[in-house]
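Look at the two complexes coming up: chain A is in both, with chain B in one and chain C in the other.
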Partner chain A sequence: MRPLLRYGVVCLALSLAPAWAQDITAPKSAVAGEQVTLSIAGSGKATFYLIGPGISNTHEINLGEEIKLRGDVLRTAGDYQVVVCGDPCKSATFYVMPAKPFSISFLVHPSRVPVSQSDAVSGVAFPFDQFHNLVLAPVPISFQLASGKASLLNKTETTKSGAAWFRTASSKSAGPLQVTAAFQDISAKRVVQQVASEPCNLRLTGQRNATGILVQTEPVHDCSGNPVPDGTIVSFTANAGGVKSTVDAPIKKGIARAQMDANGAAVISGASGVVMGNELHMGAK
Partner chain B sequence: MRLILPIVLAAVTVVLIAVALTSANATGKTVGISAGSSFLTPKPTTPDQALSNLLLNAKRRNWDEAFNSVSNAQSPNKKSFIQDWTGSYGSLRAFSALEGYDIRPLHITNDEAQMRVRLHWTTPVGPIEDVRDFRLAREGEIWKTVWPKSDMPIVPSQVIPVTYLRWDLVSGGSDDEWGAKNIDAPRVRIVSMNPLDFAEGAVVLGEVVNEDTIPAFVNVTATLVDGSGNAIDEETSFDKIDHILLPKQVTPYRIDFPKVKFKDVKNVRMNIKATLVPASADPVIGVMNQKVDPDYQGKAVLRGDLFNESGQTVNIPHVIASLYDNNGKVLWVADGYVERALLPQTSAPFSIEIPKNMASKVQNFHVVVNQYSMGRN
Partner chain C sequence: MGRFRLNSCANSLIALALVVGTQSSAATDDAIKVQLDAAKTGPRAVEPLTQKSIVRDYRGAWNSMAAALESNSAQPLAGPFTGEARQWLGQSVSSQQKSGLSRRYSDQNHKVEAIFYAPEGDVIELHDTADYQLQILDRGKVIHEERVTAHYVVLMTPSADRWTVRLLQSVPQF
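So, the complex of A and B:
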């Protein structure tokens, strides 16, 4: 209830204040977290109000003395208004700017990307000061992308309205892509997992054993030579005299393997995603 | 005169009790009886009565009486006989109850009879109908059922080496830096969608593929919209889909809209949700010897055998099949549960009924196996 009452009093004071605004001397701008000194002309006692983003404050002051506003009440960037109510009320405004960059919020998309894709990786960086104010002043952000020991991108972008960004292609090699956004000694790191694209040249081999046919792939790679991730499903199909058998087998250690139940002559094929493998023609047992 | 009414009431009560005990209906529901004796079971002087007695006792889980009505009591031991009815290894049968049965004679002579029984089971996944043929033999004045040898595989003790492959999920906490632990949801895609009217209502079916390199938990939702843009109904694929898709895996899905016809529908809105979940690449289940055959009633049935290539027991296998026409279009998605657990390195048969009006159009099929294993799902 009390803050509401205080707010009401301040609003009322503001409605009366404009005519005497020039009697308060305030800096045109200040920096978040730093002390600000105000001087107010006059004599006698008055009530001092400070209204800003996320703060409203009141004190009894002596007119004619300097008012020092501590840094901890000016942490949030934005417009602040000072109202002094003696006889009559006076007001002034000043702007608190964000302090120097203290941290970088860094968003990178996507978290997984197939290799050799153009414009596939993008990132945006936002510099913030130590009080979590977005730094709107231009800040040069250095973006660095490295895959293993190879550097894929190293460029500096200056923030516009508090944001700097990049967009680039994924590399040809699967593996983690280290993405860094840095300004002076501040940096933020993210990792994008570069994964193999669709399998390429799926090759099958098979041999009869006691329980049927053991069929397996050769090590499965994409067209850039990256091993397709373990767990990727390879669908094996055996057709033997109008009877079909299928096994969805995951790749393990680079190879998918399945036991097919077929005693007679059988044609075995394999597929992973949209990629078909070669056909195996197995004779009868 | 004063005694007439009590005597009449007592007599009627006795008659009603006797009728209730002796005329236990084959298809009638047994409520609240989990075990008990049927001390007034009629003498099995006919094959029909003998089989009725066996099934009634099995329904009441009165195993001593049921096993006594088996002819070759030495061949199946009592334990395997009971397991035939109650299931084992946490299979679907273990969670089911025999609700009723219909007996139909196939062939009867003086000493032998062949009977076909339609068993109605209640299960956690809905009612299931099972058809079994029984052979009965006359022993003196009474008939007994010749119990078939249990086909439950016996898996010898062994060590099966498995290259274990699973995905674990590390998720961030609320105090993580903004953007530090964003992991994209798996990329999945509806590759086909076919709306059609069916006897019970409208159906939307098709297939979904996981195009990503990580496993995905998928669920498909369809909303039917009328000409005014209002939603008529919204349903999900529920159990007519293999929810956990490994990379590059394809699953059929089917969404049923009971009592809705597509003539009232202007638009269908599809929504697929994919979530990143921990998953395992095992067990691998092969679907062997798939073929479409007519069953005993002449209905087309997709049959085959599931083969567990891994080293762990699959408690409840669930088979889902896409049926394609000659253009590769998904005509229908059918599914069925296998009531028996699938032990490591063993096979179990399955069969899925194909709707009568589709049977002639089916040119190809793709079967996937969903599985529920205790301690893993």
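So, the complex of A and C:
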């Protein structure tokens, strides 16, 4: 009788005891946004936990049944921890890898650049999947720079650890520089405004009028022949009998003008940035 | 109604405790060890002062992340994180609030290598081999604990007064 009783107690205890979570079978890696199936050996009920980037949930499961994790809970790339608590708790980890490239994050500098400057324009491209995960597998990014109809750069750089970059000179002509980073049918476009460089030559002319001397420049260009942008300052200096006076004038419609007070003979010069203009020798009134 | 008031009062106290907890854990920022190696960084070299700032701000970001995921409060994330990193961490916090789970990161060591620094210095990519103790808690009870060695790809960008983490993506290996 005793052994039978003992057997019965053991059977009752086994049937009431929570089933043990045995091994958790998870894929070593999965792709973002795609369903993952886990299998957890055992029988009976247990508590299932999923902890990953952006997700943390728990629910009761029946051991031995497959667990399907929907793609929408696995959108963020990274490591996911599965914990199953029957008695005892067991855990497993799997990685969700980024999906294929969907967009390109493209940083281009600067937004305005003088023409004919070496290493003046640079860009960095990062490919992202549709869930905004950085794609770390090598991706050939095609960089194209065009100014008007002229192609300035056309080269392909393969991403290393998710980044590809270029650096190049600005073109000789002022105007918009179209900068494109592309991979297959994905592209990102930016525009860099190329502006005239420093004035190359300052030619001054002057004439006396009722109040002094009206001095002005000829149309101001950089060394590539691009008109220097309006607003660029030209400093005019009059030296009359050892007395110096300076007037700063912005270029308007390509020309800078200033009215100088000088009744006697005067030597007038002009400068913009590091460029000096010709000297004007004006006689006395 | 009375219960609601009690609950909201309790919630306020909890929130206050979390804020105080966050501040006190911020004070223990130095407990997180971060070593930065920028010897092979390109195409731009990382200046010593920039290296110091990055170490300070990356350590601060992990401190804030640990505080946020332990206390289930998104408040510590404002500032150190932006963009995608801020978004998924915020989702993690709200998801944990719903499920009653939390994570505790402790004894953190980060060996960080700066592998890409953009020509204009507007983005830096780091590879972090992080080593830490991780506990997963269900309503305060530890259900899982392990020593973790994890690899993270990190993008940081400079903002007005600090470097912020824009991307924090774990990978199986570099």
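The working rule: the second predicted complex is superposed on the first by the 262 of 285 C-alpha atoms of A that agree within 3 Å, B and C clash if a C-alpha of one lies under 4 Å from a C-alpha of the other, contacts with A are read in each partner's own complex, and residues count from 1 in each chain.
Note that in this section a residue touches a chain if its C-beta (ideal position, glycine included) is under 8 Å from a C-beta of that chain, and two chains touch if they have at least 3 such contacts.
All values reported here derive from a predicted model rather than from experimental measurement.
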(message) For A:53, using the defined touch cut-off, is the partner it touches chain B, chain C, both, or neither? Pick first, second, both or neither.
(response) second
(message) After the superposition on A, what does A:245 contact: first (chain B), second (chain C), both or neither?
(response) first
(request) For A:91, select first, second, both or neither according to whether it touches chain B, chain C, the two together, or no partner. (result) second
(message) Going by the contact rule set out at the top, does A:261 touch chain B (first), chain C (second), both, or neither?
(response) first
(request) Determine, under the contact definition given at the top, whether A:111 touches first (chain B), second (chain C), both, or neither. (result) first
(message) For A:253 in the superposed arrangement: first (chain B), second (chain C), both or neither?
(response) first
(request) Classify the contacts of A:63 with the two partner chains as first (chain B alone), second (chain C alone), both, or neither. (result) neither
(request) Could you give the residue numbers on chain A that contact chain B in one complex and chain C in the other? (result) 107, 109-110
(request) Could you pull out which chain B residues touch chain A in their complex? (result) 163, 165, 167, 177-180, 182-184, 209, 211-215, 246-250, 281, 284-291, 304-305, 307, 309, 347, 365-368
(request) Flag every residue of chain A that touches chain C in the complex, lowest number first. (result) 29, 47, 49, 51, 53-58, 76-79, 81, 83, 85, 89, 91, 95, 98, 107, 109-110, 122, 124, 126, 132-134, 136, 160-163, 165, 167
(request) In the complex, go through chain C and note every residue touching chain A. (result) 43, 84, 87-89, 91-92, 95-96, 98-101, 103, 115-116, 118-120, 122-123, 125, 127, 136, 138, 143-144, 146, 150, 153, 155, 167, 169-172, 174
(request) Please name which positions on chain A make contact with chain B in the complex. (result) 105-112, 188, 190, 195-196, 229-235, 242-250, 252-253, 258-261, 272-273
